[in-house]
Structure formats: structure tokens, C-alpha cells
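Presented sequentially are two complexes of chain A, the first with chain B as partner and the second with chain C.
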Partner chain A sequence: MASVSEMYDVTWEEMRDKLRKWREDNHRNSEQIVDVGEELINEHASKLGDDIWIIYEQVMIAALDCSRDDLAWVSSPSDMSSSSEQGTCLQELKRQFPGSQRVKRLAGMRLEALEKYEDASKQYDSILQDDPTNTAARKRKISILKAQGKSAEAIRELNEYLEQFVGDQEAWHELSELYINEHDYGKAAFCLEELMMTNPHNHLYCEQYAEVKYTQGGLENLELSRKYFAQALKLNNRNMRALFGLYMSASHIAASPKVNATVKKANVKYATWATNQINRAYQLAGRGTKENKCSVKAVEEMLESITMS
Partner chain B sequence: MSIKLTTQAYCKMLLHAAKYPHCAVNGLLVAEKQKEKKKDSHSTPILCVDCIPLFHGTLALAPMLEVALTLIDTWCKENKYVIAGYYQANERTKDFRPNQFAEKVGARIAENFSEAAMIMVDSTRFTMGCYEPILAIYDHHENKWKCRDCNADCFEDWCEAQKITSALLEGRSYESLIDFDNHLDDLRNDWTNPEINKSVLHLC
Partner chain C sequence: MAPELLLDSNIRLWVVLPIVFITFLVGVIRHYVSILLQSDKKLTLEQVSDSQVLIRSRILRENGKYIPKQSFLMRKFYFNNQEDGFLKNTKRKVVPPSPMTDPSMLTDMMKGNVTNVLPMILIGGWINWTFSGFVTTKVPFPLTLRFKPMLQQGIELLSLDASWVSSASWYFLNVFGLRSMYSLILGQDNGADQSRIMQEQMSGAAMAMPADTNKAFKAEWEALELTDHQWALEGVEEELMSRELDLDGMFSKELPTGIF
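Right after this comes the complex of A and B.
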């Protein structure tokens, strides 16, 4: 099989930079990370300098995702002596950083990947014994609960965690997702409100909050959802979900028997505006593809349905 | 009353699940619209000819699902299709029972198409070789969903489906699969997946 560098005509520096970008954006494209990272480690380890350690960590986690235990950890010591295989990430990290909590956590993650949840939990407990403030270990323990399907416990533990570490945005987001999966939209909204407070310019949180409110249903929540879809659009006028959401919420409000004529008129206006914007977006994107024509047609029908009512 | 799947429909469902192994995924199945209702129409199985992958990640939110259903409904009318089923693969591998959300969407589809099916993907049996069908098909009877055995009979041509799905998985075709979420991220992404459809035809 051709190497990554051959297939995509990239240099090792470009591969290293790509890995960094994926790291910074927290992408979970594990197969790609393994492909690029494995080659980088095997062919260019000497050139990477100190970067190699963080790359080992990144590749190891990706390898766990892809069930590449051969890359994450070589099972028997005898395999090590024969080959020049350097892709045994965890062993290299253990050797370089003996006794490190960060490496211990990686060992725990490997146990999780092997579904040895009790052993993994013990691993994390030992980290927490030495360092009770180790957030990574606590979050891994909650992940184990999630993996075992113990949603109620995971939610409870995550709530306790957030009482202590109230600024952990990743945790708030995770909690909102757990609540959404349990159909507890009220509590999910609360988590997103926390995120919006600390990240007022993040259009994605605004838009997700609007989706949760819409799902909750009821006239008040619909109006709130419309406002937040509009806010998300203000922050990023290319957010299609916000645009579609604005259309959906406004047209539902306009169609509701509980609203007076003024409110209805206003919402028809918003929905019409949204439809025109959606139309425009599709025209800009479309190269006259068949599917696109259908989408444009659907949007035109949407426009007709509002103006008729 | 029973549905059957074409290779293209089965393929795209599994490719969708393979593209996002760490997420829940869902989508719709479409069948050709029957022209007349024959007297014995309930004995001829409904053939689901295509699959539209919808979302990955957090599934249980309403607005984008409604948008998708609206747009796809229009597309169906243009192509003389009807939305005939809903599939879902849960986030946790071992969890392959339909949840409340799946039942809700399934019921909504059944309102427009009485023989709608709900399909759950069983990820524990998901292999590259695709040696057995990994679906659980549920039919709507008296407001309840009943599970039906899924075997080679549920496919138009199981051997072909098995061969082609396996080949596309090996070739990592799932990397280019577009679902509705990808479409919302960039409108140029085509959720009808013409390239993958071509690959399926090519291998037939």
C-alpha cells in the first residue's frame, strides 16, 4: 500500500502540521490520524524532536479508536526485540515519562478500549489518590459510566464535577448532550445557557440552545428559539441551521392559533425573509445539480405556504 | 406488509454507521411510490430502493429533523418516491434497541405511510466482511413496534448486498458519504450521494 506521503504528495513537515491542526481542533478523524501519525513515527521520528511525545499521545488515542492495539501497545515484550517497530506509543511514553499521571491516564484509556472498565477505574482512582484535582481522571471515570450505559449515574457524577470545576466548558457541553439524550430539554437548556454566558460570541451554542428550546415546544419556547436562531445568525450569517431554524420557528409561531394578528404578521415577515435567504444560499451553492434544484423547489414551496396562510 | 432492501439502501446505511463509529446516526429509507393499490398489494413486499443518511451525534433535536423531512419529502415527490422507513444506529455498540426518539420518528413516518418500517443497526455484529445482515426490522402494529427476523429474505439480493457493502467498506467509501448534517455544514454537499450510487452500480 502506498504511503501517505506518496498518495497525497506531502512532506513530513506538512504531515506534522496537519496532525497539529487536528489536535488543536480536537478532530476525531482517528483513521486519518493513525495513517499519517504511524508513517510519521516510523519514518521521521528523529526529525520530530520533542513534538514526538505529543504525537505519540495523539496517535495512541486514535489507535485505540481504531482497535489498533498493535500501535497503541505491543502485547508481548518479545515482539519488541525483533522489529524496528517504533509505533508502540504507550511504551515509548512510559519509558520517557515514568510515573507520569498523564501517561497513566493513557494506560487507563487503553483498558477502557479493551472494555476492562474495572481495571481502568482503578487506574483512575490511583491517579486521583495522588492528585484529587486531576480533572482528566475524573472525566474518564464519567466516560466509563457513559460507555456502560449508566446515563443517570454519569449525569449525577458530571453535575458533582461541575460544582467543583464550574468553568469546564467541555464538561458543560457533555452534560447538555447527556440531558438531550434523556429528553430532559430543560436541563440541557440550562447547560447551554452557562456556555452562552461564558462564550457570548459563539454562534454554535446560540444555535444549539435555540434547537433545544424549539424541541421543548410551546409558544414561549418557540419565540425564544426564534430569537436565539436570529442571534446565531447575527454572529455568523452563514450558519444554515440557524437560518432554517429561524424559518421553522417563525412559521410555526405564525401558524399558531394563540397569537394575535400583529405577532402573526411579524413572524410571517421573519419567515419570508429567512426563506429568501435560504433560496439565495442555495443559488450561490448550487451548480444546477438535480438535488439542488429539488431543494430550491422545496424552499419555494415553503415560501408559498407562508404567504398563503 | 414487509419491506425489502436493495443493495444501495443497505450499503449507504452501513457506510453511514461506519463513517461515524463513535456517534449515533440515523436516516431515512425511501421506496418507489406504488401506482395503484392492488387487491393483494399487502402480499408484495415494499422495496426500499434508497437510503438518505440524516444526522450523526445528537439526534434527539426537532428543528433540523423537520427541515430534513420537508426537503426530502419534496425530493421524493419529484422522483416518485415515498418515505418508507427510518433507521438508527445508537452511540453505544451494545445498545441496539429502539429508543423513544426512534419510535417517535417511526410513528411520524407511519402516519404518511402505513407500512413504514423502523430499522435498528446492530453494531455488535458489524464486520468488514458483512457476513450476516445486521439489522433489526420493526413493523408498526396497533401503535406498537414489533421486531421481525432479519435474514437474506429481507434483501432484494443478499449476496450482492453483502459483496458490495464489504467492498465499499474495505475501500473506505464511507469517507465520502454525505449525510444531511454535512449538507447543512456546506450546501454543496449532496445528500443523495450520486458518487456512491455510481460505485454501487459499478460493482453490481
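Right after this comes the complex of A and C.
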């Protein structure tokens, strides 16, 4: 099987830098991380120096995601390297940092992967006894509840967690997702508002918020959703979802019987503008080739069918 | 113009450069010593939680205009309400950590003094004693006569321009000047950064110390009372539709393939 460096013709430094970029951006492309990281660990361990520990952590989490037990914790001598036997990620980390809480958390994650949820929970509790401010252990406990399908408890625990740590954006996003799954859109909107306040330039939060408001329904919420779709578009002109959302919310408001004439006129104007932009985008995508002419036509017909006069 | 003095090049070799080296090495040693002597600062859950609440309140003030008016008012009410607003009613048990009562603060202060101030005084004095009696260098800008006794320690010449300084002042110049070198070599936040430490001592009261939590809450409450909601999204549709969408480069033929 060809190695990553052979397939893409890259040096070990580039692989290491790529891993760092994935780490910083918090990507979850676990299979790629395992491929690149495994090769780095097996072939270039000596050259990495102290970087290797954080790479072990990153690769171990990715390996748990891909069910690569051999890499994550079971020891097995590798055939590729002729030198001494390969420790595995968790073993190496335990050897280097005995008594570290970060490593304990990784051991807990391994137990979670084995579905030994009680043992994992006990492990996290012991971390929290030592250090009550450790957020990672708390969040893992909540993920255990989520994995077991106990979403109501997970929501409750997450709320308690957020009462203590109000600034944790990852947690707010997770809570909004949980609420959306429970169809509690009002509370999901609250969580997304927190996220919008802390990240005012992130068009994705605006768009998600607008979608939640649109799902809630009702004239006020539709107006709000139209505004936030517009904001998302303003922040990122290429957000097609927001463009469609703008079109849908504007046309729904225009079609509603409760609005007066001026509001209806304004919304029809918005909807037509959105239609033009969608057409433009599809034509750009198609560039006039034969196959795409059909899809452009389909979009036009769809838009015409939704548009009220 | 002041007479130009020609200094012996031996001065350059045996005075200027050694002082630079000494200052630099002492700084590096100070950095590692401070790492060894560092004590762990354990934060309590309450402190972490409080600092985050303060951040949230501040963000509400600054970015509240991006959320709908109703939501903003809801949050403002939660924080500032007369009966049970969080900022109004939460009183933390305040124990002002004075140096006398809190032993860990005392040792921290002592360690800080020992690592930073003491070496500076000792080495400054030693350099003054060793490299005395001659002029070391000239500062590039003219100075008044007032600076003479300060900068020309050990040189008893009345007619000498105040720009010519002794080795002691060259040492102090180095202590402050090598700060950027330390950041280059030891990374940010290094223990050899003298002036940063002095700045911290001066602004220590402004940091998030536990004694100030109540005051911080009160300050936030007042600031939040004053904030109004100016919805940033009032005319967003008009702004958006005033021009066509910028769809350039949206559909490029180059798709990213694989990992690299």
C-alpha cells in the first residue's frame, strides 16, 4: 500500500504542518488524520521532537473515531519498522506523562469507545475531584449521556455546565443542536443568539438562527428570519442557502393574508431580487453548457411556481 | 558644537560587548530561574465562572445590536433586574488578599523581588565598580547638564558633554533594550522581561483579582444600565439589495482533491 508521502509527494515537514492546521481548525477528518499521522509516527518519530506528544493525542482521538483499535491502544509490533516494538498512542502518552489529567481524559475516551460508560464516567469524576474547573472532563460526561441517547438528561447537564461556564461557545452550539432535535426552537434560538453575539461576523450562525426562526413560523419570526438571512448574505455574498432562505421567507410573508399592501410590496421586491440573484448564480455555475441549461431552466420554473403575482 | 572624542577601540572590545553579553545571559538565567520557582496558581470554580459572566455581560453591551431587541432586553433584564438580577444581587465573599495575611502572595512577592530586582542592583553596582573612570559611549541625542551626575558616574569632568555616558548607563540601556531580543529567543511571556513585570506590578490592581469581583459586578451593572439597543439589522435588506451579489470565483473548476 502506498504511503501518504509517496502518493502526494510531500515531505514529513509538510505532513506535520498539515496536522497542525487540522488541529488548530478543529477538523474532524479522522481518516485523513489517521493516515497522515500514522505514517509520521511510524517513520519520522525521531525527527518530530516534542511535537510527537500532541500528534499522539490528535491521532489517538482520530483513531478512536475510525475504530482503529490497533493504533489507539492495543499494542502490536509493526512490520514496517525494523527497530524496537511500537508502543501505541495511549501507552506512549501514559509513559511520558504519568498522572496527567489530559492523558486521563484520553483514557476515559478509550473506555467510551468500548461503550464502558460507567467506567468512563468514574474516570472523569476522578479528574473532576482533582480539578473542579476542568471543562474537558465535564463535556465528556455530557457526551456520554448523548451517546446513550439520554438527550433530556444531556440537555439538563449541559444547561448546568453552561451556568458555570457561560463563555464556552462549543457548548452553546451543542446545546442549540440538542434543542433543535427536541424541536424546542425557542431555546435553540436563545443559544444561537449567544453565538451570534460572540461571533458577529460569522455568517453561518446568522443563517442557522434565521432557519430556526423560519421553522418557528408566525409573521414576526418570518420577518426576523428574512432579516437574518439578509445579514448572512451581507456577511458572505456566496451563501446560497441564505439566498434561498431569503427568497422563501420573503415570498411567505408576501403570500400571508395578514400583511398590509406596503409590506407585501416590499417583500415581493425582495423575493424578485433574490430570484434574480439565484438565476445569476445558476447561470454562472452552468456557464451555458448544454447539460446545465436544463438545470437552470428547472430552477427558473421552480421559482416561478412559488412566486405569487 | 561639542568636541568629538575619539575613544580607544579597546573600550568597544572589552567594555561595550561584555556588558551586552552579561546583561543578556543574566536575563536568560533569570528566565529559567523564574520557571523553576513558579508556583501553580489554582483558580476556583467561582472565579472562573465569574470572569466568564463578566465577559458575557461585556459582549452583550458591545454586540447586543446584532440580536433582536426582545432578546437583548431579556438578557439585560436577567442581569440588571432590581429584585433578582445577577449583577445586582450576587455578592461574593470578599477576602482582600493582602501580603501579610496570605502566605502564598507573600512568597510570590519575595520570589519576584529576588529574581528581578536583586540581580539588577547587584550587577549594576558591580559594573559601576569595575568599569568606572572612563567614558563608554555617546547617546545620539543631546542631553542637558542635569543628566550629568546620573549618567556620568565616576567621571569628574565638568566640561564633558552630557551625551557621553558611563558604563553603568550603558548597562541600564541594555536591560531595557534587550527585551525584544528575549521575546525573539525565549518566546513571549518570558521571565526575563523586566519592564513587563514592572508594568504588571503597577497595573496589578486593574487585573481580575478576586477582591475586585464585587466592584467589577457593580461597574458592569452601571455600564449595562446605560446601554441601549440599536439594532444593526434595521436596514439590512436595503443595504444588501443596493448592489448585485458578488459571485466571483464561486464556481471555480479547481476542486480540492485529497489531502494536500
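Note that the second predicted complex is superposed on the first by the 280 of 309 C-alpha atoms of A that agree within 3 Å, B and C clash if a C-alpha of one lies under 4 Å from a C-alpha of the other, contacts with A are read in each partner's own complex, and residues count from 1 in each chain.
In this text, contacts are C-beta pairs under 8 Å (C-beta built on N, C-alpha and C of every residue); 3 or more make two chains touch, one makes a residue touch a chain.
Just so you know, these numbers come straight off a predicted model, no measurement behind them.
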| item | value |
| --- | --- |
| Touched partner set for A:Gly149, first chain B, second chain C, both or neither | first |
| First, second, both or neither for A:His183, with chain B first and chain C second | first |
| Partner chain in contact with A:Glu301 - chain B first, chain C second, else both or neither | first |
| First, second, both or neither for A:Ser121, with chain B first and chain C second | neither |
| Contacts of A:Gln58 with chain B and chain C, given as first, second, both or neither | neither |
| Which superposed partner A:Ser251 touches (first chain B, second chain C, both, neither) | neither |
| First (chain B), second (chain C), both or neither touched by A:Thr275 | neither |
| Chain B versus chain C as contact partner of A:Ala285, first or second or both or neither | both |
| Residues on chain A lying within both footprints (that of chain B and that of chain C) | 281, 284-285 |
| Interfacial residue positions of chain A with respect to chain C in the complex | 4, 7-8, 10, 14, 18, 32, 35-36, 132-133, 163-168, 189-190, 193-194, 196-198, 200, 224, 226-228, 230-231, 233-234, 237-238, 243, 269-270, 273, 277, 280-281, 284-285 |
| Chain A to chain B touching residues, read off their complex | 28, 31, 65, 147, 149, 177, 180-181, 183, 210-212, 214-215, 217, 225, 240-241, 244-245, 248-249, 281-282, 284-287, 289-292, 294-295, 297-298, 301-302 |
| Complex contact set, residues of chain C against chain A | 43-45, 48-49, 52-53, 55-56, 59-60, 63-64, 66-68, 71, 233, 236-237, 239-241, 244-247, 250-251, 258-260 |
| Touching residues (chain side chain B, partner chain A) in the complex | 21-22, 58, 60-64, 66-67, 70-71, 73-75, 78, 91-92, 94-95, 100-101, 172, 184-188, 190-192, 194 |
